[in-house]
Amino acid sequence: MQRYIEKVKTLHESLPYIRKFYGKTIVIKYGGNAMVDEELKKSFVMDVILMKYVGLNPVIVHGGGPQIGEMLKKLGKKSRFVGGIRVTDKDTMDVVEMVLVGKINKEIVGLINHYGGRAVGLSGMDGGLIKARKLKIKGESMGMAGEVADINPSVIEGLERDKFIPVIAPVGVGDDGRTYNINADMVAGEIAASLKAIKLILLTDIKGVLDKKKRLISAMNVTKTRGLIKDGTASGGMIPKLKCCLDAIKKGVLKTHIIDGRVEHAVLLEVFTDAGIGTEMYKDVRKKEKR
Amino acid sequence: MQRYIEKVKTLHESLPYIRKFYGKTIVIKYGGNAMVDEELKKSFVMDVILMKYVGLNPVIVHGGGPQIGEMLKKLGKKSRFVGGIRVTDKDTMDVVEMVLVGKINKEIVGLINHYGGRAVGLSGMDGGLIKARKLKIKGESMGMAGEVADINPSVIEGLERDKFIPVIAPVGVGDDGRTYNINADMVAGEIAASLKAIKLILLTDIKGVLDKKKRLISAMNVTKTRGLIKDGTASGGMIPKLKCCLDAIKKGVLKTHIIDGRVEHAVLLEVFTDAGIGTEMYKDVRKKEKR
Amino acid sequence: MQRYIEKVKTLHESLPYIRKFYGKTIVIKYGGNAMVDEELKKSFVMDVILMKYVGLNPVIVHGGGPQIGEMLKKLGKKSRFVGGIRVTDKDTMDVVEMVLVGKINKEIVGLINHYGGRAVGLSGMDGGLIKARKLKIKGESMGMAGEVADINPSVIEGLERDKFIPVIAPVGVGDDGRTYNINADMVAGEIAASLKAIKLILLTDIKGVLDKKKRLISAMNVTKTRGLIKDGTASGGMIPKLKCCLDAIKKGVLKTHIIDGRVEHAVLLEVFTDAGIGTEMYKDVRKKEKR
Amino acid sequence: MQRYIEKVKTLHESLPYIRKFYGKTIVIKYGGNAMVDEELKKSFVMDVILMKYVGLNPVIVHGGGPQIGEMLKKLGKKSRFVGGIRVTDKDTMDVVEMVLVGKINKEIVGLINHYGGRAVGLSGMDGGLIKARKLKIKGESMGMAGEVADINPSVIEGLERDKFIPVIAPVGVGDDGRTYNINADMVAGEIAASLKAIKLILLTDIKGVLDKKKRLISAMNVTKTRGLIKDGTASGGMIPKLKCCLDAIKKGVLKTHIIDGRVEHAVLLEVFTDAGIGTEMYKDVRKKEKR
Amino acid sequence: MQRYIEKVKTLHESLPYIRKFYGKTIVIKYGGNAMVDEELKKSFVMDVILMKYVGLNPVIVHGGGPQIGEMLKKLGKKSRFVGGIRVTDKDTMDVVEMVLVGKINKEIVGLINHYGGRAVGLSGMDGGLIKARKLKIKGESMGMAGEVADINPSVIEGLERDKFIPVIAPVGVGDDGRTYNINADMVAGEIAASLKAIKLILLTDIKGVLDKKKRLISAMNVTKTRGLIKDGTASGGMIPKLKCCLDAIKKGVLKTHIIDGRVEHAVLLEVFTDAGIGTEMYKDVRKKEKR
Amino acid sequence: MQRYIEKVKTLHESLPYIRKFYGKTIVIKYGGNAMVDEELKKSFVMDVILMKYVGLNPVIVHGGGPQIGEMLKKLGKKSRFVGGIRVTDKDTMDVVEMVLVGKINKEIVGLINHYGGRAVGLSGMDGGLIKARKLKIKGESMGMAGEVADINPSVIEGLERDKFIPVIAPVGVGDDGRTYNINADMVAGEIAASLKAIKLILLTDIKGVLDKKKRLISAMNVTKTRGLIKDGTASGGMIPKLKCCLDAIKKGVLKTHIIDGRVEHAVLLEVFTDAGIGTEMYKDVRKKEKR
């Protein structure tokens, strides 16, 4: 019995969070280990379902997983990378899209449905959701690697009204009708902005943002974030993630979170507890809200 | 951190219950110690608010508390009892109604609002909610003690649509326009039936229904319940409660629960855990559902 | 037959008023003799029901009646008054609230329902309707006597949409969760402002506002009203009523009326005839509308 | 002042009628003197507007007036009559339709609007409202005189939802696309049936239905009505009116009324007073309702 | 089979137009030969029905036809004309209204319904659609000839929502409650403005607007139009039509068209093909859109 | 100009079809050559967009194309066939799903959007659309080849309400959470039944159903169809198609069509012309409707 009493007390501890986020949209970029490890997959999917049931509106944007590389390998395709981005030729893009939309997306949708949620998968093609344009780095075309030109969220809004959980593959469509592979963090950020989400959460395979002494920064404002980039504290793959967060906040998202997807129930821990597990970023102007 | 992980796991354990009862109405008779002890009051109110937030529709029917007796005493009024029911003269009824509607009801409404819910108090007068008729026991009139003649739930339905928690005082109005004091269990049962609730929960000051060896019966069907009454295992104040439950089930309520209001979070323990804490009654025909 | 023809002609005379006020909200402070005399009670209730049926939205705010004093007397409680306001200790407030909410409010609701309307009683607690703060007079606390801090009219709006007549007891709730007794005229004025009512009607036990020669003033603007207060023509209990009306007009109520509740059908006479029976107050800027 | 008090009392006397008919549809055949005399025209129009404002849904079907005869005369057209019905050739029908739809209908619409209502005129052509077929009497075609084949009330329902008063000219359209002149009583009866009206009122130029001793029958059931036809008490133009009423009641209209349109405010007198002024017909089965 | 394939290809050619005008309102002034010739009548009516089915909202305003003159002649009435406008005395107006509303309007409604559409006829009287005022030319009253004072489009909007095609007779009602005959082009222009129509189409009996060399101008902007009036290229009856179009564009109508109603399917040819058949007028500021 | 007049006449010829199918759902199985040839692809997509714009609700179910075989070949996978059905092992199913959902489905969605429609792609996974079960032929499991167990059309209904065109890949999900490849004809038939479609159209690479003398049968009822199967006239791949049609008709689809997808605009030719181009099947009981 004692166990049950503890359980019920715990339920009550989450009430303030439920109340705070009731009816609000939270966009989650899902990727990395959390998409590979079976236990983490289940814990992520359960977090999403729970959030939906208690009245929040989670929207999932997923990245590519190791399956893309595997499939390209099986097909004997090799890729060149520029600045960490795959230079995607038309044939490669076909494979990327097939794996993202036809395999990874459907696996996530299937898992959510299997555990009791109601998900619908979307690519940026569906309902004209993601308009893309060619990505150029230092003037060089990345082939079919693109960036977000515009978001038309009407298909997501319809699904939310019907109580479905949207799961989105980061593929956009250009004016030429061709599809482009877009960085999933960027897609998540732009969709969060267009849906006026209160939170953008990026699942990563690191603990969060670290300071010079390699300690986790649990919260920081925009100014501090810019400082970390400037003074070189943040480097490598962290920089585009920070820029993505800065951009989302500039476009009206309330808070962004870079969290450790290798921790079970990372999303719920970040959203429903005081401690949080990663790094939260917030606007300058306001005094920092108590987390 | 470990504590938080436990917490989140606990949240997930309640998901099956949230899903099962999503959008359903649960009528709770609130009375006894749970209305007196400060800790129990808060724990009850928090349970109700939590249920509302995660998508259930709790409806509270409260009984009278010691305040009625106190007030009658202060006013020097004495009451005669027949079969456990106060023979209520017109003057006494005035005091009863004032305390029920003007004090106890408002205290509950106030507590719910104070802890973050949105409650509206109702007496049976409001919107013609409870039609009453004179109660007669063995042909003797009980004065202004009445029984339910009819329920018009439209005012409750309006409040539920607007996301308020209805809190109901067990006072009905007769064809003569006069008010009658009605047993709160009976009112809860009739309201549960008229709202097609899935659960009727009676908070009591005992552990639940006991068998001949004084062990708690955690679940029983209608036939077994009738047996307990017939063979004298159930006696005293338990008999009207059992009859009230039998009647509610007959009128379409899915399950009824007699639980121990002296346990903190009794309502949530009964609704959101496998163990439950009291006695559940269910229809004969169906195989017993797994709790 | 002639009688019937007269009757039908009379009906037609009220058409212009019905048209003018169709779908509009009228807040009526109900108090004084009209709440005591049986004939006047019935005539008031019938006026309210008729207005509702022909398409207006009456909202009733009632004061306390002699029942509060009686009950305090029965309980041997004595009250101190400062500036006409009862210094209300916690015990007294309990009695005041019980009588206001549990007795007077329910009597009015009961009468309206009995004569064919559909009323729902509310205290300021219900749905967070009236937020109160402590009233201080010359720095002295009046105990549980409060004033309106804020109105949240959503519960009234829900009831109006469902075609109920709201009947409101002048009790507010403070940030501390405690209840405060508030002057009913003030409550009526603030509710009229928050509902953007076209009329605020105060029922009194006098003929209306009198000029220096003790003649009834049937209509006056804001400037004239201020003059009456300044030059001492208005005095005593009339001053807070006039201030209440001035405040309501400032907050957007179109017209306010101080009328004689001792006259049968006073409300309908004021609203549905050219003559009116009391004193109407209107904004300065506009030319006086023809009544 | 006394006059005003009388007035208000009168208003209250009509409340039971307002309540009884609230939201219900009443179809009125408007014709005869009430369409000619200026005072009667205004009194009729005011009755209709008042009914609309207090929540009833009047629907007007008008007949032809002397204007048809005048116009035919001006044009030098002569008509043959069979069984009281004008044998209408194509040219005559053109004139009939023009006068009914382009003159009489618009006059009524104009009067209602002028006195503060909101009317829209319809012929049976509009929205396919009235399907007609050729009327044959003893096998002889009456030319363009028709009878109702079907009613499609959707255009009326749209106007009622938008709070307009529909005013209908008794012209129907055949399968051949040609227009037919139909008896207005018949049209009113069929429209009342298709709208499930609670009342059908036929304005006439007589006092109502008389018994053998020429005394007004103020109420009678279906059986008695059939008797009056059978035994010859009813004769001439009264017979089709009685048949029309019998038919409407058979098709579900609650009550029908044959009243004297020469009396000012005849409609309101019949609907809003106990006395009534004409003859009411009701179903057999039920005990006669108290008027 | 080839024929069918051609047919289907043709269907596809109209898709861009369907898409462009989907859900938009187009007001068409219907008059002249197109109202007289049987083939043209049918072709016009079919065009309107087709537009309605593929998602456009056509609104028809018709003029008077030869029937007015015929009827006046039959009745021996003679009319005086000033500046091309009939000086309409009260008797003449009666005839004009009867023919417009009771004959011409109903014929159009009947034809639309006969060929499978769902039309409802309106005069400016219905629902207070067209408020008129006396027309004066050089200070001289034109009798009952009026001009538009105001449009209240609520009755049209209700009919559009219910998927009816509104057909409007150009008769307005003055403050005095009397009806006025108004030029149908003007009525069409004002209704187009009040409905925020994207197109106003005037059917005429000429090819369109001609330049100095008598060649058809297929498109021109506001400045060029003003020039044509100023330099005398446009003259006679064309001038009020051009002014009407200029006025409509000034009030927000996107484009206006003066087209040749003597061509079968003139309306559809203008709306659904690149070529168009008459003269289109558009705003100055914008670059000319490709037709 | 003549060309335009022809065009407009053609438009009018399609009106009766537009009217007949307005607001109705038509399910089209898209496959074969029409999915391969660039011209045919465009003509199909344009047909679908046009139907949507003129008020019909097309729903597309596509089959697999040569891309599946190509991809399997590239990956060095070989398949065994039983009764024409690929025995699909888990690895093969992964490839099948990726190509169907991630490539073919998105190509169709992309084409529709490119040419001006608004499509959303779905697999049977999305929103729990298609529940599958293992397909067994003569007791032998076909691996991941499945058949439809149940359809949950709520996600389609939401998309139709929001005016999107649903494009569905024939992949279902089993109770085990695994995906199954299902014959697209069967999926189309079941979806047509669950949506109460009026038409099911199967695009094939043959002319339609042929009689013994190899002449095209343009229409036949259920009895005749059964005869063709029994007497061997129909054989091979035609038999499952006929059975699929018979089943759809039994479940309430009004008509089914087997048409030649190699003809440009085959769908529109079948739906919008008298001739049709393939074989239509209809219920026995009714007299054959005139096509």
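Here the chain labels run A, B, C, D, E and F in written order, and each chain numbers its own residues starting at 1.
As a working rule, contacts are C-beta pairs under 8 Å (C-beta built on N, C-alpha and C of every residue); 3 or more make two chains touch, one makes a residue touch a chain.
It should be emphasised that the depicted structure is a prediction, and the values quoted were computed from it without experimental measurement.
Each step here moves to a touching chain, and the least such steps from chain A to chain E number 2.
If you take chain C and chain F together, no chain is in touch with both.
Interface residue usage between chain C and chain D, two copies of one sequence, is largely shared: over half of the residue numbers at the contact are used by both copies. Between the Cα centres of chain A and chain B there is a gap of 45 Å. Distance between chain centres (mean CA atoms), chain B to chain E: 69 Å.
For this pair, chain A with chain F, the centres built from the Cα atoms lie 36 Å apart. Multi-chain contact residues of chain B (touching two or more other chains) are absent.
Those residues of chain B that touch chain A in the shared complex are 1, 4-16, 18-19, 22, 46-47, 49-50, 53-55, 116, 264-265, 268-269, 272-273, 275, 277. In the complex of the two chains, the chain F residues touching chain A come out as 74-75, 94, 97-103, 105-106, 109-111, 113-114, 118-123, 125-128, 154-155, 158-159, 161-162, 164, 171, 173, 177, 179.
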